[in-house]
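Shared between the two complexes below is subunit A, which has subunit B as its partner in the first and subunit C in the second.
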Partner chain A sequence: MAAKILPYLLGGISVGGQYALIAIGYTMVYGILRLINFAHGDIFTVAGFIMVYAAATMPLYVTIPLVIILTILLGVLVEKVAYKPLRTAPRMSVMISAIGMSYLLQNSMWYLTGGLAKQYPTLPWISDKITVAGYTTSRVTIITPILTIVLVVALVALIQKTKIGMAMRAASRDFETAQLMGIKINNVISFTFVVGSGLAAIGSMLYFSNYATVTPTVGAMPGLKAFVAAVFGGIGSIPGAVIGGFIIGICESFIKGTGATTFSDAFTFALLIVILAVKPTGLFGENLTEKV
Partner chain B sequence: MLKIENLHVSYGGIKALRGISLDVPDGKIVTLIGANGAGKSTMLRTITGLVKAESGSIQWNGKELLGMSIDRIISEGIAMSPEGRRVFADLTVVENLKIGAYLRKDKAEIEKDLNWVYDLFPRLKERSWQLAGTLSGGEQQMLAVGRALMSRPKLMMLDEPSLGLAPLVVQDIFSIIREINKQGVTVLLIEQNANMALKTADLAYVLETGNITLSGTGAELLANDKVKEAYLGKHKN
Partner chain C sequence: MKKNNKTKIVSAVLIVALLAVLLLLDNTKGVPSMLLTVLRKGAIYALVAVSMNLLNGFTGLFSLGQAGFMLLGAYTYAALTIPVESQTSIYQQYPGGGVGFSITEGLTNAMGGFGLLLGVVICLILAGIVAALLAYVIGLPVLRLKSDYLAIATLGFAEILRAVVQYAKLGPVTNGSNLLYGFTSFDDFKIGSLKLSTVMPFVFSGLCIAVVVLLINSTYGRAFKAIRDDEVAAEAMGINLAKHKRMSFVISSFFAGISGALLAMYQASVQAVTFKAAMTYEILLIVVIGGIGSISGSVIASFLFVGCSEWWLRFLDNEKTLKNFNAKLIFAIIFGLIVAGIAVAIFFKQKKNGKLGANVPCIGTAIVALAAIGWDIWFVISPNLKLPLLRSGFRMVVFSVIIMVVVLFFRKGLLGDQELPDVLHRFGAWLQSRFGKSAKGGDAK
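This part shows the complex of A and B:
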């Protein structure tokens, strides 16, 4: 029995970690801007293409940092172009801008890649096959959850213990008063996009190393699921996003294990509907009532 | 010293300030009294850079503040305790105080000032590890004042520090304001509690629908018939 469950559990934890890394970007941006950054899933996909093109000409020890850096730059650029000019606009306008940005990135990818699926490079070591308790899988399955936990612990420490972290927590509650402390709001927001996009880049490398190819829309589904994970965990909460990611990853994996593969996506979105109906603030969501 | 000249500010299409001129001399307590919507908060928010002015000038020791970024203005030695206290509810008391010193780099001095604020408000020391949102209204006001002091300001602006507080707590807050001033901080105070404010202030201005209609020492305005009638209701003869 245990031997039967183990592959699905490991697979689920691994995919869950990848969802978690993407979900953090959604939840952090929401925490500070109260905005669902719809372009986040596409930034994740762009990171995949950057790897495809970079790996064609450069060695891996260059491409990995390069993918992370370029993805971060893209995330910050998206913020500066699509969200910053709308800082005082109604929230709906920013959301529409986010949707527009998402389609812009997607279509740019179609244009630049010619719409053909590009082969994702094999990442040595992490794509290697290993055997765990008699079950053969690639090393990425084991690395993903460990790396996710390490990154999340580091991120939480950053937010709780450092000055920029304190500024982020202050700004996420009250822009104006944070500014009165001398905090440069735009820097804090940029930093949030740096962290979110950086984690999405790492998540993208882990995710795509399980797949042969990248297409412009392939990131939409993991992006959406990570978004569901963020809402499920309580949007705005980093531990919530991580736990949400793992739960969704594991559930999907077991559903696929029962043979109902086609139902696994539907399950995730059914979960979204249920959580919104039963507990809209999610598992660890902030209480929306504010003391005045 | 802070010198405001012919300041015009519009706010959401409404003219909030219509050519205000006033001085805040160094080392003094200056108060601005007026009814709700007279433009008092708008003036403080314009000084800090949160609200943009249409025209006029705000000179701080000869430097023009209008057009400066908020963090520059704060680093010039101006701090504000905003209306409604606005403490960071899910930060601890000590974090709230430390964030008040956000622009400072002198760690040892920050630590000293933290102790100074704790001396002024022993209650904050007792509660330093509590989340600010769990404090009572009076304690939150103390925290808002302490947080502003942590930037070691030369000019401290307080927006309605007595709002919604019990009379005894109001007395406390005002005695702290006098204490802060004695220690060399210039104070610009906005109040609806005109009685307390005028008793505390060296200089006072009355603001009515965007214009300054009266000015004088605190004692003069306290004795002024118009002020008595409009702002000190119960003292009317």
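This part shows the complex of A and C:
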């Protein structure tokens, strides 16, 4: 029995870790801007494509930092172009802008890549096969959860212990008052996008090492699922997003294991609706009172 | 009262003229097929955009479930109208599949052409009702949520619906993930040898939009707008929030269902894969371009949107090599003028806002414009005759850039929250005040 469960559990934890890394980007941006950054899933895909093209010409120790840096630049650029001009606009306008940005990124990727699925480069070491308790898998399956947890611990430390972290917490608690207290809100927001996009870039390396091909729309579904993970864990809460990511990844893996693959996506959204109906603040969300 | 009558007569004449033109287009040889495509698809998208606008623009409920309700409508319509004898071959993956009857076929056999129309109308209404019923059920938990949570929950429901429809156990009705086809489509509408393939989408969609307009101008419509503007105040005025939100959601889904069925008729086939979240996004963008809270805006925008994405920007997808140097020179001059024009417009706007100077927008514009003009000059000098960038997919990039420009800089869309007749009236009055009695179209009374 255990031998049967193990592969699904490992697969689920691995996917869950990848969702978690993407979910952090959603949850941090939502915490500060109250915006579902629909373009986040596409930024994740762009990171995959950058890797495909960079790895074709450059050695790996150059490409990995390059992918992370370019993805961060893209994330910040998206914020400056699509969200910053709408800072005082109604929330609906910003969300529409996010959807438009996602549309633009997808179409641009389609144009630049010719719309064909690209083979993701095999990353040495992490793509190697290893055997865990009689079950063969690639090393990335084991690396993902460990790396995720390390990154999250580092991130939480950053938010709790540093000055910029304090500014982020203040901004997510009350945007306007934080501004009055002398926090440079634009820097804080940019930094949030830096962290979110950087983690999405790392998440994309792990994700695509498992899935092997990149297409322009491939990021939409993991993006939405990561958002569900963020809501599930309580939006704005980083540990919540991580736990949400793992739970969704594991559940999904088991559902796929029972053969109902079409329902693995549906399950995620059903979970979302249940959690929104039962506990809208999510597992770790704080109860904020909406002022009239 | 007199003026009201006059408006009625004018609109009746306009509608008859429109239908006559469409009938003519349908039956004239040599009409570009793209024009017909744009008209048909535009009419259908207009209906779904209006249904989304009813929810997002008039009630202030930000829902992204439109594709899901369209999917339901499309499948309901298709399953009920596939002719009995082709059901075995269409449902070959699911032996014994199919509903075993076809409403349109049965009524056509019984009553001829009128039966066909009646059958289609019945099936369209059923498609709407199925979508509306589900909306009612979904609305119970979902409508308690606010803004973006509501958006993501409805988006989630649409994705769940898409998965459920492809579920193997429902295969005998939905044919799993395979196509449904062969059902009654717009091409089946004929009077004698007159084709009605473009007239019918306009008739169905127009009637539905008219119903929405009537609804919006009723007390319910005013209640919707009150909820949009201020929920708390609306509740204090005695408006039952839950009831009106649910009503708006159900009615919007009803028309989304009908438009899904119309889309199925237009495409002559249905497959769950096409009703993705991307479809909802497209419809949302139509609503935004037209103006959130403007029915006529949504209608105009849907024709523009379909026209741009299917037809007018098509040339961007094909590689093009210019014939000779003169053609290149003309292209380069036009390109240069456009770039210069846009740059001057931006500078003018900055100056109007008193922001002209060494800041990011101004310097950025200057750099981009100079780079573009520099490239332009280089292109003229170089021996190259092939236009750069043009290849498959470029159309959609340009198109999404246009959309982003609208979203960022023209946030009100084409008409804001006004309707076309009002805008025309005001324009007429403005013309009259500007140019005195010489202007036509003024309607100051």
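Following the convention adopted for this analysis, the second predicted complex is superposed on the first by the 289 of 292 C-alpha atoms of A that agree within 3 Å, B and C clash if a C-alpha of one lies under 4 Å from a C-alpha of the other, contacts with A are read in each partner's own complex, and residues count from 1 in each chain.
As a convention for this text, a contact is a pair of C-beta atoms (placed from the backbone, for glycine too) under 8 Å apart; a residue touches a chain by one contact, two chains touch by 3 or more.
Keep in mind the model is a prediction, meaning the values are calculated, not measured.
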Could you check whether subunit B and subunit C clash or fit when both are placed on subunit A?
-> fit
Once the shared chain is lined up, is A:167 touching subunit B (first), subunit C (second), both, or neither of them?
-> first
Which partner does A:154 contact after superposing on A: first (subunit B), second (subunit C), both, neither?
-> neither
State whether A:82 touches subunit B only (first), subunit C only (second), both chains, or neither.
-> second
After the superposition on chain A, what angle is formed at the C-alpha centre of subunit A by the C-alpha centres of subunit B and subunit C, rounded to the nearest 10 degrees?
-> 90
Touched partner set for A:182, first subunit B, second subunit C, both or neither | first
Which partner reaches more residues of subunit A, subunit B or subunit C?
-> C
Would you sort A:58 into first (subunit B), second (subunit C), both or neither based on which partner it touches?
-> neither
Closest pair of CA atoms, one in subunit B and one in subunit C, after superposing: how far apart in Å?
-> 12
Intersection of subunit A residues contacting subunit B with those contacting subunit C?
-> 290, 292
Subunit A contacts subunit C in the complex at 34-36, 81-82, 85-86, 89, 91-93, 95-97, 99-104, 107-108, 110-111, 114-115, 217, 220, 224, 227-228, 231, 262-263, 265-266, 268-270, 272-273, 276-277, 280, 290, 292
In the complex, subunit C touches subunit A at residues 56, 62, 141-142, 144-149, 151-153, 155-157, 159-160, 163-164, 166-167, 177, 232, 277-278, 281, 284-285, 288, 292, 391-394, 396-397, 399-401, 403-404, 407-408, 411
Show which residues of subunit A lie in contact with subunit B when the two form their complex.
-> 163, 166-167, 169-170, 173-174, 176-177, 179-184, 290-292
Contacts from subunit B onto subunit A in the complex sit at residues 48, 50, 69-71, 74-75, 79-80, 82, 84, 86, 88-91, 95, 98-100, 102-103, 133, 147, 151
